[in-house]
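Okay, so chain A shows up in both of these, paired with chain B first and chain C after.
And then the complex of A and B:
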């Protein structure tokens, strides 16, 4: 019996002795990565086409509105109305971004790698949700800022004019945030159901488009109460209902809000909160199931 | 019935996700029944339900998911190679797939739209809507099938057409309506059963010619693209 001749060479592997970052940093990294994914940063040129197409259109519209306003002095759209008018583009943007965020991970089966980190299952879903909401908010908020800058430089009343404009902008930004949160939670929930990006995109659009005509039908039914509650039926009109309730004259001419939602303003606010809460709860449930696989 | 037809049909129906398409027609029928039972004037609920939901949402979305799915799903997971390596002329691959896509989309939209059309006006309107939307399904399916061969992201490009071109621009810029399948379907249905519920923005001959042109043209494009098709990985 011969002696074993093999030796294990010391080739200088070293242990990591530096600080180990915790849950918050993992969450932050995942959020930032999600945000970059949405806009196609750090990815191929093909991945940038659709997000930046939408951003281009939205910014172009904002620039056009600003130009019209500085030439004629008329406010064509307030900041909140701008968010409403862009709703189809926001839907499309959500349909582009949400599958990129969650469907790819489902399809390529990398979730076990994520969950082998000090990252609770819920945090993964919440980081993606936060990233999508941030992305949608930037999509609406950026052009609003363009409109604000245009209006601020064109104002003839010096600093008071700028200040008034700023007080118009801030509720507009908050309203854009509401759009972002509602659309992100619904869109991400639908996208997380399938690993195929094509189906996820179709599903997101179908949910938003299918519910809009329901509002149209409910608002012509012969019951005043149903008419005033009709906007609850679709996520996008639900957001508009909350806007009519909270922003009032920024959204529509005086009296129109009363006509459309009556005294049900608080119901709309409650409806929006419930919708977001339900979507987030279902999303967390979904990832509990996916992670268990 | 060729083998390709059989494979395609099984690929569509064999998956559970096909059930995701069913809520769309169900909502259409549900709303029509609701309006009818509450006695709302058809002139008021007809346009939002028939056009706003049926022709503007259910028809394009179903055609988009099915039309890009018949070939796109196989391209995505790479199994299209098995079909391409068989000694089949390319048209014998494209045409059966187009037929299945058109048939499935047309059937999915026909059932609810006949019900809604009958409830709104008459049997004639229902049948006219179903026939016109079958032609629309053919045009949409040819378009989306060709898209799935031209680009790696057919669904998103199709959504750009449906949402931005037909939806957004169609409302604000009336000139784009000439090149909108949705408007052709409305024009054809209105010609087959003249009512006050539908108002076409395009003349009937233009609609008929353009529908045929799109169906034939994009099918030819798809066959041509499949001739020199390269199988590549998923886009990053």
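And then the complex of A and C:
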């Protein structure tokens, strides 16, 4: 039988002889996949609504602040204060993103397909954590960059003005990074406990919501030491405490930092480190157990 | 090279529940059937082979590598198809298999190409771009098989690949597994609780029960040259056995059943003739399809 030209032949099964990437590239691929998931990229239009709504709001606020500043010349909010003001939006964002990253995989049972591949089980959790932290940092850092660009173009002092502004921006970006790391580690740990996305989201919000009143109670007790340590009780106020300690006047009017945290600044820094370390350790333990099932 | 070798492999959970007990077995490349009832320790063995569980005792080697000390090297060369649902419903098969290919270390373009190749080999074409949530059970099983193939492994571990499939779907899946083992040149370990299924496609059979090895070896050595006919009469079993023996048929007794090797079609006639002559009420005359079953459990003959 003669075959016409141009027919696609079934050439059968082909062995793969090309390169196989190492652990770092696989980790990078998983991180990027997680980051895209957070912002709904490569997913349905429905999955894009919430992330981009939040991005729209924070960008709009940043643009508004920039406009006010260029008209009146007054700095309404510093970069760090902007991060503080947006904290509730960041919490909600994390409450939606963290379950998308981990609860979905727990529920669908896809994890055995990951853990039967070369990547170590800890890498799965860490790549997801890094993706969430990166996403939250971009959420805060992006608008900060908008504020910086607006201020840099409007500055009347030429390059010196741009440089001064840059030195204001960099601590702000670092502070945003602290927010991102703390919220990501707490949020991802809570979300990794359940495969139900609604429960996970509620759990993440609850952790932040339930601890805030404790701070309120502690800060009105008739002991100055307790008052000054009150901000340790909730992850979000803990971050603010670290901010008051390290950034001082960028965060609050002169003297206010002293009023709120006293000499306990290093305690807050240590508290933040311990909180993140504990969350990461528990997260790794959690996936140790999941992988063996 | 030995494909899988275990030596006195033992796994206990919490020191009380024994999943595997002193399992020593070595198999050569090919299609290997791993059979045993539910809870016999099949899934535990697979998890140890993948390096996901640490054995409580004994040694294990897969493709010449030790999964307890170098699990990444083993997993790079092994593809695993789990028993249970493992597919996120909102992703398309193409997206999922591509992503999992990348997780196995394939570069982006190679992952995409090999994903569509793997899906084509398991028989999914245009539908691979639809969300997995809308797939039939048979299609989902194929996607699970494709993701195990995407990184071109040297060994596939398939945990109950025919689970939940209708008879036609089972035949298709078994034919596909057989094709992978023969045409693709990839060794396959197929787990099943249905002996009759795996004995059709595998060259080596490993049977475990309660975590212990029942029997292992090439399937050709286990099945006798001929099929077996099972004869049951309501009464007069003794006289029928004598009559059949007188006809030079090597008859064996198994409880109330007589087993006669099926030489050719004439054997049927001889048996029926003997039953008619003795005027016995014939209760059953059928061909044993689960041939190997008797080797494992001679006290409990299975009837189809």
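One rule holds for everything that comes next: the second predicted complex is superposed on the first by the 281 of 293 C-alpha atoms of A that agree within 3 Å, B and C clash if a C-alpha of one lies under 4 Å from a C-alpha of the other, contacts with A are read in each partner's own complex, and residues count from 1 in each chain.
Rule of thumb we're sticking to: a contact is a pair of C-beta atoms (placed from the backbone, for glycine too) under 8 Å apart; a residue touches a chain by one contact, two chains touch by 3 or more.
Please read all numbers here as calculations on a predicted model, not as lab measurements.
Visitor: Applying the touch criterion given at the start, work out whether A:178 contacts chain B, chain C, both or neither, answering first, second, both or neither.
Guide: So A:178 meets neither chain B nor chain C here.
Visitor: Examine A:201 and indicate which partner it touches, taking first as chain B and second as chain C; both and neither are also allowed.
Guide: first
Visitor: Looking at A:117 after the superposition, I want to know if it touches chain B, chain C, both of them or none. Which is it: first, second, both, neither?
Guide: In the superposition, A:117 contacts chain C only.
Visitor: So in the superposed three-chain picture, is A:96 touching just chain B, just chain C, both, or none of them (first/second/both/neither)?
Guide: After superposing on A, A:96 lies in contact with chain B but is clear of chain C.
Visitor: In the overlay, answer first, second, both or neither for which of chain B and chain C A:50 touches.
Guide: Only chain B; A:50 stays clear of chain C.
Visitor: Could you look at A:29 and tell me whether it touches chain B, chain C, both or neither (first, second, both, neither)?
Guide: Once the two structures are laid over each other on A, A:29 reaches chain C alone.
Visitor: Once the shared chain is lined up, is A:209 touching chain B (first), chain C (second), both, or neither of them?
Guide: first
Visitor: Going by the contact rule set out at the top, does A:220 touch chain B (first), chain C (second), both, or neither?
Guide: It touches chain B, and chain C stays clear.
Visitor: On chain A, which stretch or stretches are contacted by chain B in one complex as well as by chain C in the other?
Guide: 43-44
Visitor: Can you list the residues on chain A that touch chain C in the complex?
Guide: Residue positions touching the partner: 12-16, 18-23, 25-26, 29-30, 33, 42-44, 104-105, 108-110, 112-120, 291-292.
Visitor: Taking the touch rule as given, give the residues of chain A at its contact with chain B in the complex, in rising order.
Guide: Touching chain B from chain A are residues 43-44, 46-47, 50, 53, 57, 88-89, 91-92, 95-96, 194, 196-199, 201-203, 205-206, 209-210, 212-214, 216-217, 220-222.
Visitor: What does chain C use to touch chain A in their complex?
Guide: By the definition above, chain C touches chain A via 47, 50, 52-53, 71-73, 75-76, 78-80, 82, 84-90, 95, 99-100, 102-108, 110, 114, 117, 121, 147, 151-152, 180, 183-185.
Visitor: Can you list the chain B residues touching chain A in their complex?
Guide: Residues 17, 20, 23-24, 27, 31, 34-35, 38-40, 44-45, 48-49, 52-53, 57-58, 61, 64-65, 68-69, 72-73, 76, 152-156, 159-160, 162-164, 167-168, 235-236.
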